[in-house]
Amino acid sequence: MNRSAVFLIRTEDRKGLLSAISGFFAERDLNILECRQFSDVLEHQYFMRVAVELPPELTKAELEAQFGQLAAELHLSCSVHYSGEVRNVAVMVSKARHCLYDLLTAAEENLLGGGRVTLVIGNHPELEEVAAKFQVPFYCCPISRSGDRAQEARVMELIDRHRIDLVVLARYMRILSDEFIRRYPERIINIHHAFLPAFMGGNPYRRAWERGVKMIGATAHYATADLDEGPIIEQDVERITHESLPEDLRQRGRDIERRVLTRAVRAHLEHRIIISGHRTIVFSA
Amino acid sequence: MNRSAVFLIRTEDRKGLLSAISGFFAERDLNILECRQFSDVLEHQYFMRVAVELPPELTKAELEAQFGQLAAELHLSCSVHYSGEVRNVAVMVSKARHCLYDLLTAAEENLLGGGRVTLVIGNHPELEEVAAKFQVPFYCCPISRSGDRAQEARVMELIDRHRIDLVVLARYMRILSDEFIRRYPERIINIHHAFLPAFMGGNPYRRAWERGVKMIGATAHYATADLDEGPIIEQDVERITHESLPEDLRQRGRDIERRVLTRAVRAHLEHRIIISGHRTIVFSA
Amino acid sequence: MNRSAVFLIRTEDRKGLLSAISGFFAERDLNILECRQFSDVLEHQYFMRVAVELPPELTKAELEAQFGQLAAELHLSCSVHYSGEVRNVAVMVSKARHCLYDLLTAAEENLLGGGRVTLVIGNHPELEEVAAKFQVPFYCCPISRSGDRAQEARVMELIDRHRIDLVVLARYMRILSDEFIRRYPERIINIHHAFLPAFMGGNPYRRAWERGVKMIGATAHYATADLDEGPIIEQDVERITHESLPEDLRQRGRDIERRVLTRAVRAHLEHRIIISGHRTIVFSA
Amino acid sequence: MNRSAVFLIRTEDRKGLLSAISGFFAERDLNILECRQFSDVLEHQYFMRVAVELPPELTKAELEAQFGQLAAELHLSCSVHYSGEVRNVAVMVSKARHCLYDLLTAAEENLLGGGRVTLVIGNHPELEEVAAKFQVPFYCCPISRSGDRAQEARVMELIDRHRIDLVVLARYMRILSDEFIRRYPERIINIHHAFLPAFMGGNPYRRAWERGVKMIGATAHYATADLDEGPIIEQDVERITHESLPEDLRQRGRDIERRVLTRAVRAHLEHRIIISGHRTIVFSA
């Protein structure tokens, strides 16, 4: 398996972009493994994901210098990602274990792109045993009398020290401060246990039962300072009936939450997502 | 095919109900075609739907007198419905035609229980041609200068004169007055073109696009004075992507809306629904 | 709205294709509205769909001459389709009306690309009234004593005389001869009322009930000489329970069949499909 | 939480059954927690699931003696199951780990009714580490030169010695002998990685790709001597596209297989299933 690189590109939509960009790779005789693009005709934006094979003799520095020139000419926003790069993922949890298990087993089966779960951070000690099964360090950062700020400071220290690329809130039941959220822009993914924007806020299963909905869902989204308002990455639902009690909804939700969250994390780690305001472009596999 | 009757029963949950009620039918040697019950353990309510075959010699008057005695003893709320009873349905529309077509073709294929579409009422003239194809009278009741009240009065007069059992708001794009809604309790079904409670109110496809959701849906519910808050009967969703423009969502919604609405109308006309506060018990087929 | 053209392209997969083809359009300053491609790495085939805006001064002849040169150089198989081209669709039916209704109403709402239903052909007279509602000519071609061949000859004569671009078998319950199928390659779409390849052949709802499956489905596919083996375009399913009788499955199937068939017909008429052996590439909207 | 019992009942359908059986519980003043019944009008069979609360003074022996009398009078086939009974589950595996993980984590979260995973049996050693994480004994029973028979004998010895109530084939990639299957009637649940009856037999994802289906699925069923023909308990599907390679289908299948299998195992262990020939009655939660 040769090395490969993924380019995530964004620019104002206009004529000739596809030809100019694909021409860049053709001139260098690089093999395009996959190319996806999307023109947002309402916002006049152009989005592109190109995966190319890299020949052994081409260095990253050369590639980026050359592409950087094109990007400057065409005013492209661009990020480049290489196969073989390991990405550090921190999972933040409280007491619910299903999402954590799913991320750890997906990582074990190499289903998270280049991601590996580097550490698990809990505000409760319960899930230490789960992390231990997979030999992943677990840090218990409880909310103490000194308050949320002190706890967050400890969490940020852990994240920074372990050079974390992505923070996953896997049913972490505390609201994070704006400061925390802003420190890791486009690098925090949260799972909300409802089909957003229905049932924003707390206790969505109880409220779903009270409202008498006939389907429940879950939503994975990037965390932003506006709680539950961040760009949605993935959603799914299942059908329920009048017989489902709030507790049943919680159980049914287990399958939905974990698959939605793991899919979203995988899409991020495979460099398939470009954020555009409140929306995401997901070039799905 | 013999005559049959459907009993919809509701009472406070307690021991012995099933035995007492099924005993009533067994003593009379009536064949139970289908029996469904549900105990709402949170609200302590008991719901039951019993369909029985009726022998030729048993009159409705006798059956109801006898069951009425049991109902009084056990404090049952109950309604009885007989096979062969035709039920008059009025469909209210504006300009979108897909839901109206679906109801008319379902009625033509005898898929609406004992329901037949007796009249179509539009606040615009556009759908007269659709009603005409099925030989259903169409009444155009535009909003004139004399205002909504005058128009609603005309609509109510039509509904009452035609002895309408069920009013279906099939993408009727006006908000009805409280007075109108309260005149037909549990007899108005509306289709909302969103997965309620997400995107309550107007323009849900545009807002779904802006919010970047990955699935869109539709919700059929009983109309109540609280707009978009009535008891939900049926919901469904479909997956969309970043490529779907608001106009695409509208087209995709076409299939969801009409199947959700027609299923809800069928469930109502087959006497499968009991309303319980904000929720519905739907004994699905 | 300007004129536009859709190119459907297929060739052996290799480097430089995207650049060469998109370069063609960039050199001519043509605006690419949508571009989708797919490399089948198992079969080493490259598939592409490009939609471009056409300036008023560019004639079809010029465009095709110029692109033809490129196609020859690069060994592209290609078809070009223009906005505004009307495409004639013939719908073949027996007695079931739901798919026919769905195609006729979709056409009425301009949801079938450039397609219009030009004629309906039934081997039974029942659906004449449905076609009549939409002012579409209905031809009854019953199977007479002279047999299937004579009937098919009459149908082929109708199809040819009306310059039909696409034949839709909308629950047409006769098996067509190889000769018939081969006469209209990639131009006949059939709906099978099962999730193929499960329950190939007749009576799938009965057999689904006997087998006790928990979901039923429908499959739209191109008709080929191998019955029920043609390239699949679209499929969908719904969940059922042990309570669903074969007759219930038939009713539930109504919604699935019609939406699957109409989506497939729309994808074909919007030039979104390329057939590749037993498989289809569907560049979905 | 009081003790409770679940009765699974089957008999020929006829009048008065519901009254007679519910009368039994009412006479003894037992509280019915849930009662579901189903009349199979095609096969003239009656199925019932009744869950009742048990007062402390009522012994199992008394209850069963008394109900046994009713069952004899009414010719009921019946099984009774008590809350608090632990049920021993053996999971048989090869190399794929996702289904095993799902069963072990579901058991850890008490989502398998009264089931606990007592042992894991592999024909390969790979998954020993997975079992070890959950402190579940793992037995490696490879196919040796002495052949399948010798290996099966060892497996049967393990199952019998550990008093296993349910054997789960969690992507166990060997075909079991008729003798093995017949030894544990209605006590072996298998997951097939296809939407049966499509793609019976081996390599379903490859064959699904070749056939070009647009959805893939999985099926949990009781194992019978007719391979892949046993009564289906649960199925689910997901939508795929032409871009999904056989390897992608395998990954997508991971989520479907494990949730379908775990749901089926849970339904069995919660005594929600009655087998009827090739079909199952599943009184779903």
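Note that the chains are named A, B, C and D in the order they appear, and that numbering of residues resets to 1 at the start of each chain.
The working rule: a residue touches a chain if its C-beta (ideal position, glycine included) is under 8 Å from a C-beta of that chain, and two chains touch if they have at least 3 such contacts.
What you see is a predicted model, and the numbers here were worked out from it, not measured in a lab.
Matching CA atoms, the turn from chain A to chain D amounts to 180°, rounded to the nearest 5.
With B-C and B-D as the two chain pairs, more C-beta contacts join B-D.
Taking the mean of C-alpha positions as each chain's centre, the chain lying farthest from the centre of chain B is A. Remark: chain B and chain D have CA centroids separated by 37 Å (rounded to whole angstrom). Measuring from the averaged C-alpha position of chain C to that of chain D gives a distance of 41 Å.
Touching of two or more other chains is recorded for residues 243 of chain D.
Listing the residues of chain A that touch chain C in their complex gives 15-16, 18-20, 22-23, 25-27, 29-35, 37, 39, 239.
Chain D meets chain C in the complex at residues 38, 40-42, 195-199, 209-215, 217, 231-237, 241-243, 245-246, 278-282, 284. Only residues 97-98, 101, 105, 108-109, 111, 133-134, 243-244, 248, 251, 254-255, 259, 285 of chain B touch chain C when the two sit together in their complex.
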